[in-house]
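We call the chains A, B, C and D, going by the order they appear; numbering starts again at 1 in every chain.
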Amino acid sequence: MSPRRTLHEVRVGYVDTDQAGVVHHASYFRWLEHGRVEYLRHHGLDYRRFELDEHLALPVIEVSLRYRAPARFDELLVVETWVPEVTRAKVRFDSVIRRGVDTLLTGSVWLACVAMPEGRLVSMPESVRRACGHEEA
Amino acid sequence: MSPRRTLHEVRVGYVDTDQAGVVHHASYFRWLEHGRVEYLRHHGLDYRRFELDEHLALPVIEVSLRYRAPARFDELLVVETWVPEVTRAKVRFDSVIRRGVDTLLTGSVWLACVAMPEGRLVSMPESVRRACGHEEA
Amino acid sequence: MSPRRTLHEVRVGYVDTDQAGVVHHASYFRWLEHGRVEYLRHHGLDYRRFELDEHLALPVIEVSLRYRAPARFDELLVVETWVPEVTRAKVRFDSVIRRGVDTLLTGSVWLACVAMPEGRLVSMPESVRRACGHEEA
Amino acid sequence: MSPRRTLHEVRVGYVDTDQAGVVHHASYFRWLEHGRVEYLRHHGLDYRRFELDEHLALPVIEVSLRYRAPARFDELLVVETWVPEVTRAKVRFDSVIRRGVDTLLTGSVWLACVAMPEGRLVSMPESVRRACGHEEA
């Protein structure tokens, strides 16, 4: 694992399961989001302060996930998060969710940057680039 | 049913179920909330406009619910909503959720009124009292 | 719209919003799921009965979505659903979520078919192919 | 804090917030549920194994909560959980959710015990009584 990857542990709740006896596909978005927030915190960007201080937000604009094996109630999962790419307008977070050595989910989530409260698209700020290890030259 | 009661139909989603094969207890709060919003709309108060125009919000400050029978995936439920009481500071919504003639849930949800964005408690405004049929003399 | 497309209307709840003042990206999965269940019902397959009678389930194995514009509290959205492709092992549902003429979300969700309760992958059954208009020759 | 109380820490996610900028009232049920599962684990009852081994489940049958102050995105909250009472048919979990010294929520959740999968009510088993410190004489 490169130093730019972070690991975050989560516990599956009963509320995350569905009547098939496994975790519902929508529940994973909560854990991917926690993974991104912890990735940013670990690399010096407190996302709560970022929104308050810079009047910006990073909404999800695209997701692409593959569910490879089901998770179940009470399991401890590990969310691994990294940033393979930052463009002028978007940042891409890749994630793997594992239970021990088993890979349960892989995927990418793209975020844009918008000025708040109006929601107008803006360039990805230097603070985000830096936290993600993609400073502009 | 008194004219001040409203009925709102909801469909149980797969996402609402848990591994016990029934609806998770937290899912009902979504439907109670829809019931309150539709109650207010039916009685002349558009809650979205209320927040925007009056810079107020009605957060939940107390809930008391009894789960009497389980709901299941794909069932059509009816949320009956009424307002038994409005005090200076609080409005109480009572609800029954039924599937056909079976009562699945009964309970009360109390809302306060707060000035936004700071969240300071204020008196329940006349617009809410009127919609709920509890105008002050 | 081809006859094989279905439309399903949903109302955005307060619970679906986040502190950015728009619908959280995970909330859309509920509506896409409702869209798929209604698509199948409209084409003769009651998904609840399908699980009970055939001891099969259709878990989500892949999602690919683009969020094009934000939805907001209390808006009425329309979920359009169709099935562009059924392979031996997977069925792909495509969806567009619109508010009036505005496209808010487009994407694809792939489902596999598994034998319950053990979760072993099986071929997509004829009942699903038929409902989706992709009978085998 | 008596030895029979447990503390469980949770982090507020973005998904837990709503457009009022605070945690939505339904989000707390996830954390109360985690608090109960961890209480039971700490006192020797693995709830996942309990369901599998005893073919029983503990559904929520009543909730009574007071929301005393709002929680916000990214805050670390502590869920304190204890069991003031076990009757023949019900177990009552009380909880306080705090942020530092501030009390945000107090309340009670009652669980019944049902035989699975049919859902028939049964007496609270000795394994649950023992974990909760309410063995019968």
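Just so we're on the same page, contacts are C-beta pairs under 8 Å (C-beta built on N, C-alpha and C of every residue); 3 or more make two chains touch, one makes a residue touch a chain.
Keep in mind the model is a prediction, meaning the values are calculated, not measured.
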Going only between touching chains, how few steps reach chain D from chain A? 1
Among all chains, whose Cα centre is located farthest from the one for chain D? C
If you average the Cα atoms of chain B and of chain D to get two centres, how far apart are those centres in Å? 24
State, to the nearest whole Å, the distance from the C-alpha centre of chain B to the C-alpha centre of chain C. 28
Euclidean distance of C-alpha centroids - chain A vs chain B, Å: 33
Residue numbers of chain D (touch at least two other chains): 14-15, 21-22, 26, 29-30, 33, 73
Write out the stretch or stretches of chain C touching chain D in their complex. 14-15, 17-19, 21-22, 24, 26, 73
Can you name the residues of chain A that touch chain D in the complex? 11, 13-15, 29-30, 33-34, 37, 46-48, 72-74
Chain A contacts chain C in the complex at 20-22, 25-26, 29-30, 33, 57, 59-67, 70, 116-117, 119
